[in-house]
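Reading through the structure tokens given below for one structure.
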Amino acid sequence: MKKLVKMLVSSAVVAAMAFGMTACTSGGNPTTQATTKAPDETAAATTAAPADTGDGLIKVGIINNDPNESGYRTANDRDMKATFTEENGYEASFFYSLKNEDQIAAAQKFIQDEVDYLLISAAGTSGWDGVLEQAQKAGIKVILFDRTIDASEDLYEASIVSDMAKEGQQAVDWLASQNLSEYKIVHIQGVMGSSAQIGRSGALDTKVAAEANWSIVKQQTAEWSEETAQQIVQAVIDSGETFNVIYAENDNMAKGAVAALDKANISHGVGKDVIVIGFDCNTWALEELLAGNWNYDGQCNPFQASYIDNIIKNGASQKVVIMEEKGFDATTITADDVANYGI
Amino acid sequence: MTTDTKVQSKGSAGEFFGKIIRNQLFIPIVALTLLVIFNLISDPGFFKIALEPSSTGNLILSGNLITIIDNASELVILAIGMTLVTSASGGQDISVGATIAIAGSTVLRIVKGYAPDIPGSQFAGMIIVSFLLCVVVSALFGAFNGALVAFFKIQPMVATLILFTAGRSIAAWINNNDNISINDKRFGYFGNFIPGIPVPTPVFITIFCIIVIALVLKFTNLRLYSQSVGINASSSRLNGINPKMIKLLTFVILGVCVAVCGFIKVSRTSSITYSVIANNIEMDAILAVALGGNNLGGGKFNLTSSVLGAYVIQFLTTTLYKFKEIDSSSISAYKAVVVILLIIISSPFVRKLIEDFKNKREAAKAEAAVGKEKA
Amino acid sequence: MKDSAVLEMRGICKFFPGVRALENVDFTLREGEIHALMGENGAGKSTLIKVLTGVYPKDGGDVTLSGQPVHIKSPQDAQNKGIATVYQEITLCPNLTVAENMYIGRTSGPFTNWNKINSSAGKLLDELGIPALPTEQLGNCSIAIQQMVAIARAVDMDCKVLILDEPTSSLDEQEVQKLFNLMRDLKAKGVGIIFVTHFLEQVYEVCDRITVLRDGKLVGEYVIEDLPRVQLVSKMLGKDFDDMAEIKNDADIEKIDYNGVPVYQAINLTGTTGIKPFDFEIHKGEVNGFTGLLGSGRSESVRAIFGADRVAGGTVKIDGKEVKIRKPLDAMKHGISYLPEDRKLDGIVGDLSVRDNIILALQVMKGFFKPFSRAQAEKFADEYIKLLSIKTASQDTPIKSLSGGNQQKVILARWLLANPQYLILDEPTRGIDVGTKVEIQKLVLKLASEGKSITFISSEIDEMIRTCSRLVVMRDGKVVGELKGDDLNQNKIMATIAGGESK
């Protein structure tokens, strides 16, 4: 009996550790994942590459944020991994961290490894000058994606970014176009100070300040969490205040808000009592749109890889590339949109 | 004669008062009362409860009180496990938020694979399988933490730091980092309402958990053993208790609590965000234990007190959500101020001050009595 | 001896929830005297000292130091005012060095010259003849040396009032004499010394005056010459004291059947704590003892019997049947109970109630899934609180707020409740008052006459001679002799402990 207990315990520990370890290598943070070098010379030689390494592949070092951070980042990381493959002529190494210092250290390592291109989605905006100068001296070209940094434009080839303010503006314009007689808005914010929060809140705040019939019933951060969003909306409902718009700064929070609405018998969606607006275009969120449960979803385009690929292969036409952003209206969205733009 | 009896009744009233002050439930009850009064003043309709039809056409209860009791469910269940871990190991598990992410992710891993409209019996089977798997996984992670604490003698906070850091990555890895949303309405029953029943399901789950733990404490020696181990492990060992197994056991129990919480959490919104699900809940759970007047250094514990502490914290959170004037970015600061006040009131230092004051009064009385005798 | 009072305490009161620990107690200490503070467990000695040293705030009364009224706010404050204390339980930090322990909390400014401190600590240790290095970690020293370091610390603080709370309970005779010399030196320098002890002989050896407390109240203050021993004891107990010399009943000893099957028998029992493999057996109704100097392995031997430490080998038979005892629970299930040497560390479960402490062992034996009902537990506790006359406010009182002797009785109750066939008592009389000591010895003999087998260990050879019918003598982790019958006398035992043949 005792032996059995001991055995169970020890195997549990081993299992838990093994579980933990595999998880670390596949999703851990920070981790460096280097793809194996392609030994196949002939295959490599067939791909044309402007900067030729020994095996004919373009070596890129990709520094990104932790893919677990959000659905956006997951989609972004998948897009990068799908684009920078050997078939496309790349030999890519990845590094993930949410810490600026770790990212800078990784950049230095990539410079020592003599990559051809350094692709950076910086965690913080400052502190990058030194390492970018090193890269320049070493003849390594730098392309920023998703996030900008405070450094001289000379230090990088191009910067591919989303314009969060524009996303917010598109959503607010769409909302204005609904021509409601009165706008009573529950505004659920993301983590305060994040660029997405600033951009998406900014457009709405400006509009509310400008229009007499727009008012905020409740404005609070749910820090990207659906449960917190649910609790906030629940509190508003319990307090007896009425509202007709939920403006949630990402899909998950919109989902939490909708859960609270469902609980309280408040109808939502196309032609219903409450308009629901989300952001990020998760596939499941677009499906909600398709079903008419939500009204609008703003995109934050995570697919920078094709832009970068284009710049590497054809050269940069301008320093700052602002990506196309879409916004989907529940009344016009198609199943194809869901398939193409869902992340 | 009459004066005599009067004095006596006065004395017993003072005794009664002293007993209340010394009682562990005193602080959480006072905190609850203060919150109730505060809310009643600021909004007389705060405690209104309505029975109205929901979007599904079923009657449901709604109102602030229902919301608080509903939303506190996860915290209450966690506080139970956390109290036991605190008692036996003299430390806290800070990985519960991350392991809730793992538990929730495990459930979704099973559930996402099924078509939304499978027949009822199949659905029930799937839910049972997913829940059992989630319990097993969470218990294993609990055992992992427990083994580090019991066998490797690592301080609980340090030991659980491992999963605190890695847990959310593991959760994301379980589902290949997919952003999952379950379309089957029935999956949401566990975190919301079961059609036809006006009380939120998590409330039932919480009551069930409380009953289970009450029965466990009644029909086993868990209380005596974990308190003994927490107070004096060496002495407990010489009395035939195996301190390592008891510590491990409390961590496994916490693991099961985590599984239940994870299940409720993902059911509430039928989705998961790995990085923020049950964010900072470990701090609230530890706080609930502390607010309940339990010694965070282990030993004696009072579960009722912890459970009340958990409700106090959720009450506070909901109260803060209600206030429009409170700026988003400063909400945690407000919460911190209130919490600090509560913790100070419940600190041994303040309790001792109250007790000293009482003793002084008694001394004065005794001196007076002696004086009388001499006279 | 000068007659001016260095310390006066008047009408001191102290209350704990449900207990009046001190009620209107007066105490006077004169310059250059050694003043014994006597009383049974729970009489209020420790409380009075804790009030004096600022550990507890007093709830009433006044304290004057050299004629000045003072308010002592904390132990630190007491130190600053010239009141130094060496407590019964060692309160130093085992993970610091000897010198650090001597000077901690007494250095001024943010910088400390450790070299200087180490050398001055070394000098002082030499003067006092304490065999410890200043840089040695305190935890590695024996309890006796730790105690002496604590005294050295107090001595070095230039105190006006030195409180020694049970300083001799873990010292051997030689060390006690060294301490007494030191006390006389300090007395000559005009220091007032409060000496708390349970050893009557020591009181009469060094003290000038005696203050007796009983049940939190003052009984009286006496000059030593005016108070013969018997009277002192009767004042402490509040009743006449029957002669304790002859408590052993020879008839009971004769009943022991040494040829029968032993209740417990160990052959070549091998421990892992530095003792040599040993053989041991005990018969029904027998009281035996293990004796030897501190560190001779007597405690380690009984711990090995109980499975308290890992056992490496050997055969154990209970009633002639071979059994395996690997951990305490095995021993308990085979009817062995063990009252450990270190009450605070291994015995009590401090925050738990007296009731829970009493039922603990029996409860564990009954099993995890079979808790006693509350009523049953209360019945057990009541029964044993009465049986051993344990002084406690209630069953629910945490055991840690009881006095040392009453704590010991609770632990004793725990093991009696477990109803063992073989009861091991390791230093059950250490640090408790004389009345309880006798009670415990009588209890041991009564249990033996009822057919239980008992191993009784005590540092006081007198006690062993009074209670035991057979003594196992140990030296350096080895059994070096076994004494019985007429051999059970002080000289023979000493000689065996010391080694060499006694003539």
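By written order: A, B and C. Residues from 1 in each chain.
To be clear about the criterion, a contact is a pair of C-beta atoms (placed from the backbone, for glycine too) under 8 Å apart; a residue touches a chain by one contact, two chains touch by 3 or more.
Since the structure is predicted, the reported quantities are computational estimates derived from the model, not experimental observations.
Relative to chain B, the chain whose mean Cα position lies farthest away is C.
Relative to the centroid of every protein C-alpha atom shown, the closest chain centre, again from C-alpha atoms, is found for B.
Chain B has its Cα centroid 34 Å from the Cα centroid of chain A.
Mean C-alpha position of chain A lies 69 Å from that of chain C.
Centre-to-centre spacing of chain B and chain C amounts to 43 Å, using the average Cα coordinate of each chain.
Listing the residues of chain B that touch chain C in their complex gives 18, 22, 218-222, 224-225, 227-228, 231-232, 234-242, 295, 299-300, 355-356, 359-360, 362-364, 366-367, 370.
Those residues of chain C whose C-beta lies close enough to touch chain B in the complex are 11, 13-17, 20, 23-24, 57, 59-60, 306, 308, 327-329, 332, 338, 340, 345-352, 356, 360-361, 363-365, 367-371, 414.
Only residues 5, 9, 12-13, 15-17, 19-20, 22-24, 26-29, 66-71, 74, 189, 192-193, 217-221, 223-228, 230-232, 234-235, 237-240, 251-252, 255-256, 259, 261-267, 282-285, 287, 343 of chain A touch chain B when the two sit together in their complex.
Listed in rising order, the residues of chain B touching chain A in the complex are 43, 45, 52-56, 60, 62-64, 67, 71, 140-141, 143-144, 147, 162-163, 166, 168-170, 172-174, 177-181, 183, 188, 191-193, 200, 245, 248, 265, 268-271, 273-279, 317-318, 321-322, 324, 328-329, 331.
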